[in-house]
Each structure stands twice: as structure tokens, then as C-alpha cells.
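Each structure below is given as C-alpha cells.
You will see two complexes here that share subunit A, one where it goes with subunit B and one where it goes with subunit C.
Right after this comes the complex of A and B.
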């Protein structure tokens, strides 16, 4: 059985719960990732922030209410709203229920979660410690190796 | 778990040529070699520590494509990366090893300027890493924008968690290090002959300076001068030593200091006696200089070289 530990990307880049949202965006851009793990001061994993989480927070409530009618979101308004939350703490946008796997989980289990959640990356935890990541493309790459 | 911090890492481009001359076009041919690998002192030490069987996290600042390349290469070696990405490009360090004329030419590039926001975030991130490590290593230079206060901050933050810090850095940082007082200070004396304002060259001056470091730095247990491989001088709180390898056959000095340092760290973590630690560290340095590569590739060779290391207790 293929295990997560054999395919783990040993990178533990993260932001802390107190990092401002601007730092989360900067890290995502420079790290070239769409999901960023969040840890507390003790280095314990809390959850993840995705690009979608930030976008969701950036869209003003009134836009969401009329989204399903005929309104096309105005990017200037979204950016203006996002600018207002850049200094908010990362914890405010953190998805504490974001799924994760452990090194001893099977690759099938990781693939199943990613398929069901339409995600592309899962944090890998040992106890409460982030020990790396597993990505969808790595799982797919098993087929060509 | 060991954390190595490299604030100014590099991509190392190493050319092994048969005959290198200035003002000449060189085309690599059969027998020449070209290697690209992650570099910078802390990174090199991490690579060696991993080869010796240790679990290592490495952190610092990286940028751009070269930064991603550096992280990928370290992960492939089984090292956990936790770098802060900053705008710009990670530097390239060039080394040219001329095998016929036995010369080594090194050109170390500038690093990127690091902004205060990134420095602050690094320290915030560093604090979270302290809860999962047993030992901190700082090695190498400081990039533009980062001053020596960061050394003190890191050593002090580690000390509050009862984590020892071992440092291998340029002599210009020694004054700050005396204030920070890490467990081990190994000044990088390559191309430097002065320390704390005084000329330092030769066994007696190394011994004297080592003792001065320990006098002025209350938490420092070791000061070691490794730049003369034929006469390494180590000063501990208990004893001073001169360590000499026998029948040295130098092939490549590139990476010697980092291999020695990693050997010391590995041996220290085994709780070996002082003399055994120094023997092992010098055997790592010896094994490294007698091979072409900048990091130790054959850990078994270290064991085989131990008998070639003489440790003399002095003063």
C-alpha cells in the first residue's frame, strides 16, 4: 500500500494565527501556493487559509446577496474591501476544519479527500505538528513514475 | 531535530576544470564537471548533517526561481524546508576548482536586500520552529538589510527554550556573538586574519583568542578555529586542544568548514567525550577535503579516517 509518508513534500512553510492577511497573500504569491497552513505560537497546526477563503472575505456582503441574480462582481469593489481587511489576523480567515492527513495514511485516502473537496493540497500532520504537504499533482504523478 | 538557519543562502555553481586560466574561454569537455546544488553555510551544514543521519529543518530567506530550486533540492535530500520567500532572486555562488593546478577560485555574490517586514515575519516564524527542535545552528553571512541584532535575538529566543545555539560565521560578527553568547562559536576565518581587532594566525594566537572568547561570553562552551585543517585549535571550558590529521591528501577544500562543523554537531549530539567529538569532527573535515564534492557523500569513510586524527591536549 502506498503511504502518504513516501510522497510527502517536506516543506513546513506556514503563517501564524497572528500574521496579517497581507502576509498570507504575500506568502501565497511568493511560495506559489494556493493554500497556506496556519500555526499558533507553539508551532501547532490550527488550520489552513485558501485563496477561496480570502476571496470569500473580500467580497462585500451586499454583493453576495445579489450574486445569484444578474450582478457581475466589480473587481474594484472587491479589492477595496480586501484592502480593508489586510491588517486583520490570519486566524479570522482560517478554516479550522480544513482536512489533513498523517504520514501513515494511505495515498488512496489522501486522493479521496482531495477528490471530494476539489482541493489540490493537504497538510500532513504528526500529532499537532505540520511535517509537510501532499499535493494532488504528486498523487497523479504516481501514474507516470 | 536540528534547525539550521541560513539567512543568505545561494545556488552553488561548481566547475571542476582541468586547467583554469584568466582571460581565456573555457569549454567544458570530457573529464570536466559542472554541478549545481543548494548552498550557503547553513544549507551545506544541513546537507552534511542529513548524510550523517540527523533530522534537519532549514530556514532563512530565499527568492524567485532559484529559491524554489533550492527548496526542491533540499527536500529531495530529505531535509525539511521552512524558508521565507522574499522578492528578488536568490544569489549564485561560483566556485572553480582547477584540478591540474590545484587551485580553488570562489566568487560569492551579493544576496538580496531583505525588508523589515520579512525580517519580522522570519522571527515570528522562527519562534514557532523553536518548539520542535533540540539544537539551533546559525551559519553564514547576513544579507543586506539584516543587522547583527538578529543573531542576538535568535540566540536569546532559543536560550529561553533551553535550546543551545552553535554558530559558524564571519569574524566581523564576533562582537555581537560575544553578547549573544551561543554554545559554540566557530569563526569563519577564510581570508581573515584578525579577530576582535587583533591579528590571529598560528596556534598560540588561536588558543589565546579562544580563551578570550570564553572569558567574555558566559554561555559559550566552545570556541574552535578550523581554517587550518592541519592544526585545528579548539578551546572548551575544560581543556584546549590542537587536532591534526595524518597523511592529508587534499583534493578539494570546498565545503571543508561546513563538513567539520556538521561533524562536530553530530558528534556532540551523541554525548561523546570531548576528544572523541573533536576526532570525529576533524575526520568529517578530512573525509570532505579528500573527495571532490562539497558535502560528505560517504559517511562510512569518516569511521575509516578516525584513526588518522591526532588530538593533543594543550594548556
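Right after this comes the complex of A and C.
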């Protein structure tokens, strides 16, 4: 049985709970990741912010309720709303229930979680400490190695 | 009358009354979902043999339920066509971004749509669009939302299919689609004009003094709301057929439920929708709510409570139909300020039917008083009608939450004005010119 332990990417970035959303986006772009782990002052893991979480916060509520918003195609509502939340603290968007795995979990377990949550990355935790990430493509690559 | 009153207070009566009061208070206090409260109440009446199974089925007005269900199916398909968004956006663009004109246009669209769809569906479509418009031109949407609440109830009163009280009255009586348009239509038009006029006094200055960025609004592309042109045309044709069938009901005498259900399934067939998908959109809890209510009120009918109330009403108004009409109108309006108009109307329908059996005169004015009172009364508060609750609820998470008191200050006086207009109208039409 393959374990998460052998596939952890350890060279990762995280943000603190008080970092602005701006930094979260910058970090995500720089490190080419779709989730950003959030830690507190002591370095303990709190949760994750995904690209979807940021988009969810940026899209105005009314747009979510409109059946078909394509008539607004020429309007920059989403970017305008995103600009307004750039200085909010990361903790506001943090998903504290974001799924995670431990180094001793099996790779299949991680694959199953990713399948169910439609995600492509999971944080790997050892007790409360963030030790790295595991990505979907690593899991998929196992079959061709 | 005396005979009834003497043997009225049996165990059965008290039990039926207790179930009614209990279900009603659960519905008003929102301690239980409407459908659960009504169905459990109905079940208890059957379980304690207050009414038997055959009676229960008899009491359920399937014409009303079929009509509701059919319209829900029709609207579910129609929504997919993008028609409603198209109309609203086209209308908003005609205003060239003038906020007062936007209020007028969106109110008219709301009024017309809710005359043909149910009010909740209408505001679910219009309110998010209003926010989109307000956010685009950076204005406070609250005055527009107030007006939309008012017009969803006003417009709904104009037709048999516009508002639940009318659907129930239409289902329960000989009154047909055109009767509603002929009697309620003119007075609704007057109420609409007066309401817009009063809103103008309150909001015109406030709204026209704002500088708005019209270019962003004009960038809205209404053509994009229609994803599939063929389906759009198909659904429009079927919807037109359904309306024609309603309008000509006095000729072909096909029941309302049959027209709506037949039309709904024709809509599914013609536009090749998946029935599972469309039937999921039907608000089943509402249909069960109605079914349960009919059984509970059936219990009141069977145990004589309804006829007692009817007797009281007749003696209170000295058997004068003009007085009774005003009484029904004002009681209906005042009751629906705070309580759900559906259980209220369901109860009053039984009472008025009973009055019809006792008195010899024409009781039609009472039906119109009930319809207009129950529809317009809901305008007074944010909890007066289902559409109001939905709109107020939607705004709570936004930057412009609607507060109960804030709305009441505008809604209650406007409701009074509209009911005064209706009161004069009904008197003139049925008792002044009519006699």
C-alpha cells in the first residue's frame, strides 16, 4: 500500500490568519497552487483557502441567484467586488473544515477525498503542524511509474 | 341556525377547533414548516375519526391543487427560456438608466408577471436582477424593492392565477378566469396608478438626484438571456395557448386544473424537457400544505364551526350584503397584514360558501372582497405575503437589508389607500350602480 508520506511536497507556502486576501492570491500565483494553507501565529494549521473560496466571496449574492447571468458579460462586477475584499483578512475566507490527510494515510484515501471534493490538492498535517501538500497529479502519476 | 348552535359544542368540535388553532399557530410562528403543520393536523383529524377518509379526500380541492401544480410546471419550463430576464433587462435599458424610471418599469414588469405567474416566482426573478442593476449603476435598490413587493401583490390580485387566494377562490367557486379580469382588473389598474403616484411623491426627488453611470447599464446584453431560440419560441407558443384556454374557459368549460396540468405537460412535451428535472421544480411542500389545510378546514366544516362563524357574520351585518362585503374586505386585509393569506383564505372560503347556502342573495361581492382584501392586505408588512418574506429575506445578507419597520412605514399606509379604493369600488359596482 502506498502512503501519503512518500509523496508529500514539502516546499510549500502558507499564509497567516491576518494576511490580506491580496497576499493569498499573490502566493497562489507565485507557487502555482490552487489552495493556500492558513496558519496561526504559533504556526499551527487552521484551514485552507481555495481558489473557489475566493471566487465564491467575489461573486455577488445576487449573481448567484440569477438563472443566467450571461447578459452581464460586458460588466466587471466580479472583479469590482474582488477588489473590495483584497484587504480583508485571510481568516474571513478560510475554510476550517477543508479536508486534510496525515503522512500515514494511504494514497487511495487521499484520492477518494479529492474525488469527492472535486479538489486537486490536500494539506498534509502531522498533529497540528502543516508538513506539506499532496496533489492529485502525483496520485494519478503513480499508475504510469 | 338555533338548532345548529345548540348541539355544536361536542368533543369533535373542540378537537377540530384545537387542531385548527394549533396548526395555525405553528404556521404563523414558523415553528414548523407549513406543509408539516397542515399535514399533521389533517392526519390527527383522521386518526381521531373526526372525519373519515372519504370525507378527507372530498374536502381536498383538487381543482386548486391541480391548477397550482400545473402552473408550477409551466413556469419551471418558461424560466429556462430566459423570457422573464429578457423582458426585465429590455425594460431597464429603455429607461436609459434613470433610477425613477427603472422603479416604474420594474414595478410594471413585476405587476404583469405576477398576474400570470405566482408572486414568489416573480420576485425570485426580478429581485436579483434589481440588485444587478442597482449594483451596476451604484444606487440603493431599497425603493425599487419596496415597489416590487407592492406590485407583486397588486398585480397578483388581477387574475385568477396571479395569487394563491385567487387560485383558491377560482378553484372553489363558479367564478372563471375572465370574471377576475373583469371585476378585479379595473380596480387593480386604479390602485396601481395611485400607488405609483404616491411612490413618486416619496422617492422621485431622492432617485432623480443621483448621477448614474449609464454606459455600464447599457452594456447589458438582453439577447444573451435566451440560451435556445427554438425552445424560447416553443415555450412562448404553448404559454400563449394556456392563457387563451384560461380566457376562453366560459366557452369550453374545461376545468382550471385540467388546463394548467394539460398545458404544463404539453410544455414539457413540446420543448423536450426531462420530466424528472421539471417535476423537481414543483413546490411539493406548498401542494401538501394546501392539501392538509383543506382537510383541517373540512374538519371545521363537519363539526359545525364554519356554519357558526357564517351565522355570526350574517347576524352581525343584519343580512345586508353591502355591509357584509365591507366586513369581509377589511377583515381580510387586516388579517393578512401579519398572517399567511393561504390558511386565512381557505377558512373564509368555507365560511362564505356557508353564507351562500343560508342566504338567498347573490354572494359574489363577498368573493371579490375576500380576493382583493387577502391579496392587497399582504402589502402592509414584510411578512404579509410569501413574496414579501422572500424579498426581505434576500436583502438581509446584502448591503441594503430591508427592516420590518422601514417597510411598514411605506407598506401599511399604501395598503390602507388601496383597500379604501377597493372598498369604494366594490360598493359602487355592486350596490350603487348594481342595485
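Following the convention adopted for this analysis, the second predicted complex is superposed on the first by the 135 of 145 C-alpha atoms of A that agree within 3 Å, B and C clash if a C-alpha of one lies under 4 Å from a C-alpha of the other, contacts with A are read in each partner's own complex, and residues count from 1 in each chain.
One rule holds for everything that comes next: contacts are C-beta pairs under 8 Å (C-beta built on N, C-alpha and C of every residue); 3 or more make two chains touch, one makes a residue touch a chain.
All values derive from a computational prediction rather than experimental measurement.
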First, second, both or neither for A:116, with subunit B first and subunit C second: neither
Touching partner for A:12 - first (subunit B), second (subunit C), both, neither: first
First (subunit B), second (subunit C), both or neither touched by A:60: second
Partner chain in contact with A:42 - subunit B first, subunit C second, else both or neither: first
Chain touching more of subunit A, residue-wise (subunit B, subunit C): B
Footprint overlap on subunit A, where subunit B in one structure and subunit C in the other make contact: none
Parts of subunit A lying in touch with subunit B, wherever the complex brings them together: 9-14, 16, 18-19, 23, 27, 30-32, 39-44, 129, 131-132
Subunit B - residues contacting subunit A, complex: 57, 63, 68, 71, 75, 78-87, 117, 121, 124-125, 127-132
Residue numbers on subunit C that touch subunit A, as the complex places them: 79-80, 82, 85, 89, 124-125, 127-129, 131-132, 135-136, 216, 219-225, 227, 394, 397-398
Subunit A residues within the subunit C interface of the complex: 60-63, 65-75, 77
